[in-house]
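A, B, C and D are the chain letters, set down in written order, and residue numbers restart from 1 in every chain.
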Amino acid sequence: MDFAIFGAGRIGTIHAGNLAKAAGARLAYVVDPNAEYAQTLAARHGAQVATVRQVFEDRNIGGVLICSSTDTHADLIMAAAAAKKHVFCEKPVDLDVGRARACATAVESAGITCMIGFQRRFDPTFAAVKARLAAGEIGTPEMLVVTSRDPGPPPIPYIRSSGGIFKDMLIHDLDIFRWILDDEAESVHASASCLVDPAIADAGDADSTAVTIRTKKGRLCVINTSRRAAYGYDQRFEVLGSGGMLQAGNHAPTEVVASTASAITRDLPERFFLERYRAAYAAEIAHFLAVLAGKETVRTTVADGVKALELAEAATTSWREGRIVKMA
Amino acid sequence: MDFAIFGAGRIGTIHAGNLAKAAGARLAYVVDPNAEYAQTLAARHGAQVATVRQVFEDRNIGGVLICSSTDTHADLIMAAAAAKKHVFCEKPVDLDVGRARACATAVESAGITCMIGFQRRFDPTFAAVKARLAAGEIGTPEMLVVTSRDPGPPPIPYIRSSGGIFKDMLIHDLDIFRWILDDEAESVHASASCLVDPAIADAGDADSTAVTIRTKKGRLCVINTSRRAAYGYDQRFEVLGSGGMLQAGNHAPTEVVASTASAITRDLPERFFLERYRAAYAAEIAHFLAVLAGKETVRTTVADGVKALELAEAATTSWREGRIVKMA
Amino acid sequence: MDFAIFGAGRIGTIHAGNLAKAAGARLAYVVDPNAEYAQTLAARHGAQVATVRQVFEDRNIGGVLICSSTDTHADLIMAAAAAKKHVFCEKPVDLDVGRARACATAVESAGITCMIGFQRRFDPTFAAVKARLAAGEIGTPEMLVVTSRDPGPPPIPYIRSSGGIFKDMLIHDLDIFRWILDDEAESVHASASCLVDPAIADAGDADSTAVTIRTKKGRLCVINTSRRAAYGYDQRFEVLGSGGMLQAGNHAPTEVVASTASAITRDLPERFFLERYRAAYAAEIAHFLAVLAGKETVRTTVADGVKALELAEAATTSWREGRIVKMA
Amino acid sequence: MDFAIFGAGRIGTIHAGNLAKAAGARLAYVVDPNAEYAQTLAARHGAQVATVRQVFEDRNIGGVLICSSTDTHADLIMAAAAAKKHVFCEKPVDLDVGRARACATAVESAGITCMIGFQRRFDPTFAAVKARLAAGEIGTPEMLVVTSRDPGPPPIPYIRSSGGIFKDMLIHDLDIFRWILDDEAESVHASASCLVDPAIADAGDADSTAVTIRTKKGRLCVINTSRRAAYGYDQRFEVLGSGGMLQAGNHAPTEVVASTASAITRDLPERFFLERYRAAYAAEIAHFLAVLAGKETVRTTVADGVKALELAEAATTSWREGRIVKMA
């Protein structure tokens, strides 16, 4: 099957590379407003630089990977639905819940597959926790504690157009919550602060958050997030169940332990998402192809994308208005 | 110096044992409504069984240890203040904030020492985190995540008279929060659920909680608590600072690692508070005696007891009324 | 550059896959006495099934990968030297030290590259220890302790033709010794036992060994090995230096920790060498190609292969004759 | 029962303290050539300073603790046997195997208890490994790897009179070997080097050793030892069995983990034997008293002391003569 990719930046390059390794998949087109980026990526995989229109008019294109900037996601999904092309789209679907829902409706009407890039569900450690939970290893889950910290904040201009920390950063954690507890939010409370860089507050955003979700089944989820962790990318969660606890820890580059006169030391975690989720990115593209081949059912749907966005919006409201937000 | 102890139960027995090991301290009296308990403990340390009145009328008594049931704490502190006896009192000061404040006033007027039994501050691991924070090892603290889980719930009758999970169980965690962040709460949000045993809900209480505190300096604290952890007593916290993270982990009985065909296993944590805080209990009594000897300044004051209680009350209100509670 | 591979078994398949991913390298021929194996591997990479003669007569072939059975290694190296083809050869060079030395001489005369597949040197964890040692992190190395255990013994017919546990299994550990301590053996003592399966003793071999090497600089190395570890593939070593210790630990598939009523458990190590050394296999082929491209100097030479074999022979002698063997 | 202690140094002070805490035991006499040491220790426990003769002539003395210098052990054991006093004696029994055997004979004839201070058997972690081995958790033990390193070497005069590293330091590890594998040595090979301080070689001793023992049942034991570990007191061992592995790790003062921009760090191990074996010292004296009270059977006998010494002598011979030593 032939594919086109929108966006030739960091994440687009990763996905294109994983697609290229797959048997039976061919990257035909690369679309990017930056001609140099587009050319470089196209050359690497024997693809052509193209326009959006070219992609959707080409009958040989079976699917598209949307890795362009967030403000283009909804339009491209809509166009793909109209052209009956299957979609893999990076999160978030859109910053506006209404538009995200419209995408979901369009996808459903068109009968296309639309997979959202919640790659964490494909991480070996996270997926193992999910599988072991499902196998009943710790009984009924009761509480989820998610720790999610970036090594450092993005540039201020990025923050200004990001939709805020809840939509930009916590969207992943909110998806983890729904996936791991297999439950929906009844109420959301978010507290937040700007502790890392006052310029983030000036941009109207926060950089440190604490979110509490109470689910319809009465379970509890707490998510703590920071735009900065001096020690690197911190991606952990733990589930307390009636029969015990499952913890997902960070991955390290090596298993070296050094003991010197001052301390016993281990490696810092993998530096950032490209390193931490390398295997996850490969697995999610493999899953996308398996779905298109009719061998698997899509696991991160556009509906999941909408739900996570609704939670991010509720958290934003809770923080801005200083109140607990009830979910429908 | 001669001492009397009120309460000859589990914790009274621990404190009496630690007192007995100290040079220059003598346990003179044991008071307990249960004559057998009182007799047993008195006999072990060459003390006499006595009444409350006898204790406070004896001029040789320099200090008292209040380890009796919570509803007796305030009266005994008041009586000790009147009789100018120094006090070591188990938490909480009282279930009623007003009465706790009255105790603080009485203590101040009398000029006696009144140390509250927040033993966690004396735990080697927790105290090391505090010291390393103070030394600036991770810069400015920004976020505190506390995990506090009991191995199993107490009997329902105990729960009924406990003042609720926030005053009974989280009071320790709320003190940890104030001590570690060295800051006061601006607002408190508590969510809670009954997931362990429906009889706890019938008793009007919850068994699983998630508390978020935003401090006056804008820092964030999240506390997650459960009355049950199948794997034992779980007492951890972690502090994220501008320069890194400090984590306080559980203690285990041994350092054995077993690798078999099924898994690599380590010991469960120390079973419950008597085991986990053995060293802390010894250190807090040593501190109490050092304070009375004029060598140290009391580190867990009655004011700390009042503050923790105020937070527990705010959390209870937040949970019951479904709203964020602002602190004065 | 065009390559041929001898041997289409497990390890040949791995190397062919890594070669295929490299830019500028093409697998042209597959040679294997098992026609089906050869056909399958050739088909996967668009290569042709060929004979030994065809490979060495083809002027386009720049290098060969020798992944066939041990008894063919020396002849193929000799043939490659004669045909001036560069060689990557799996360990051991040969079971006979004399023949291995002859290979080294032929390689040198021909001026070809002959890299031996000591893949452990390319493992991220092991390589990090080496780099940190070289950077002086623990001062001067004094003692090396190597633990090397397979999940289970190979079939008895394999053992019979393996050259014995020292040449078959410890050859890797003996290379690690030379590489990590950057020193040569002065004396070798080996003790061994048959504890896993009496059929191994019947085949004239041992399955559990303890080797001590004293180096020319007076350093000490102890290697303990077993053909069976119920918990999987155990590949650890630690170096004690004047300033501390560096330990290389096992790798696990995930970072999940489970805490239940019985224990705290972690994953078993990666199952066996194909999983454990996946990254190392990729890195060693990349190194081989970089050497042929003139960008790097070969790090695991045929001389290293000879040295490791000499140590394996000394250990065998020490065990069989019950004496300490002095090295030249 | 009344006790006397010979030796008021570091270890004598520890044992006297543990004895003093025990119900029913009274320290009556302290004997030490250093009058000040003797006086200080006696004063602390309400005991009297005495001479050897006074101790053995006092009919009220039931047992003696021999914590004086090694060269006095044998004479004091002999005298205790003659006076029918029970004995707790620090290791080693004597530096001379013949004299140690004579002590064992005298003890047996006299019918007294003579417990040797192999305190490691009473360490919670080591004892747990032993118990779990006995319970069959890893099947039949096959291989034991012992790592035993001091934080730094003792003064050279101490080394000169110590009997050498094997009798002074490895005697504990050799006892661990016999206890854990429940087997006796068939042959011993020792390699050693002087890598820490050339003055140790000048004193005729080594500071780094590697010992291999093959047991009568064909099991293997390797012990690696150093007089210096920059990171502190390293006391680990691991047992490989047919069904898995049990590892005994170091103990740390706290469970703090720090993550900073440079690394993830944990505490160094407990500093030295007084800290590491604090619990073990208490447990061994409790055991000694339980033996005298007829409640337990002595677990570290004078015969164990003799056996460990024989192994230490064999290791010394192996090293000095460069040969494998067969045991009787």
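We adopt the following convention: contacts are C-beta pairs under 8 Å (C-beta built on N, C-alpha and C of every residue); 3 or more make two chains touch, one makes a residue touch a chain.
The model shown is predicted, which means the values in this text are computed figures rather than measured ones.
Asker: Taking each chain's centre as the mean of its CA atoms, which one is farthest from the centre of subunit C?
Answerer: Using the mean of the C-alpha atoms as each chain's centre, the farthest one from subunit C is B.
Asker: Could you see whether A-D or B-D has the larger number of C-beta contact pairs?
Answerer: Between the chain pairs A-D and B-D, B-D carries more contacts.
Asker: For subunit B and subunit D, let me know how many angstrom lie between their CA-based centres, rounded off.
Answerer: Subunit B and subunit D have C-alpha centres separated by 40 Å.
Asker: Roughly how many whole angstrom separate the Cα centroids of subunit A and subunit D?
Answerer: 58
Asker: Can you list every residue of subunit A that touches 2 or more other chains, as numbers and ranges?
Answerer: Only 138, 229-231, 243-245, 258-261 qualify.
Asker: In their complex, what parts of subunit B are in touch with subunit D?
Answerer: 21, 124-125, 128-129, 132, 137-138, 243-251, 253-261
Asker: Which of the residues in subunit B come into contact with subunit A in the complex?
Answerer: Interface residues on the subunit B side: 138-140, 142-143, 145, 147, 149, 187, 189, 191-196, 208-210, 212, 214, 218-222, 224, 226, 228-231, 234, 240-245, 322-324.
Asker: Which part of subunit A faces subunit D closely enough to touch in the complex?
Answerer: Within the complex, subunit A contacts subunit D at residues 229-231, 258-268.
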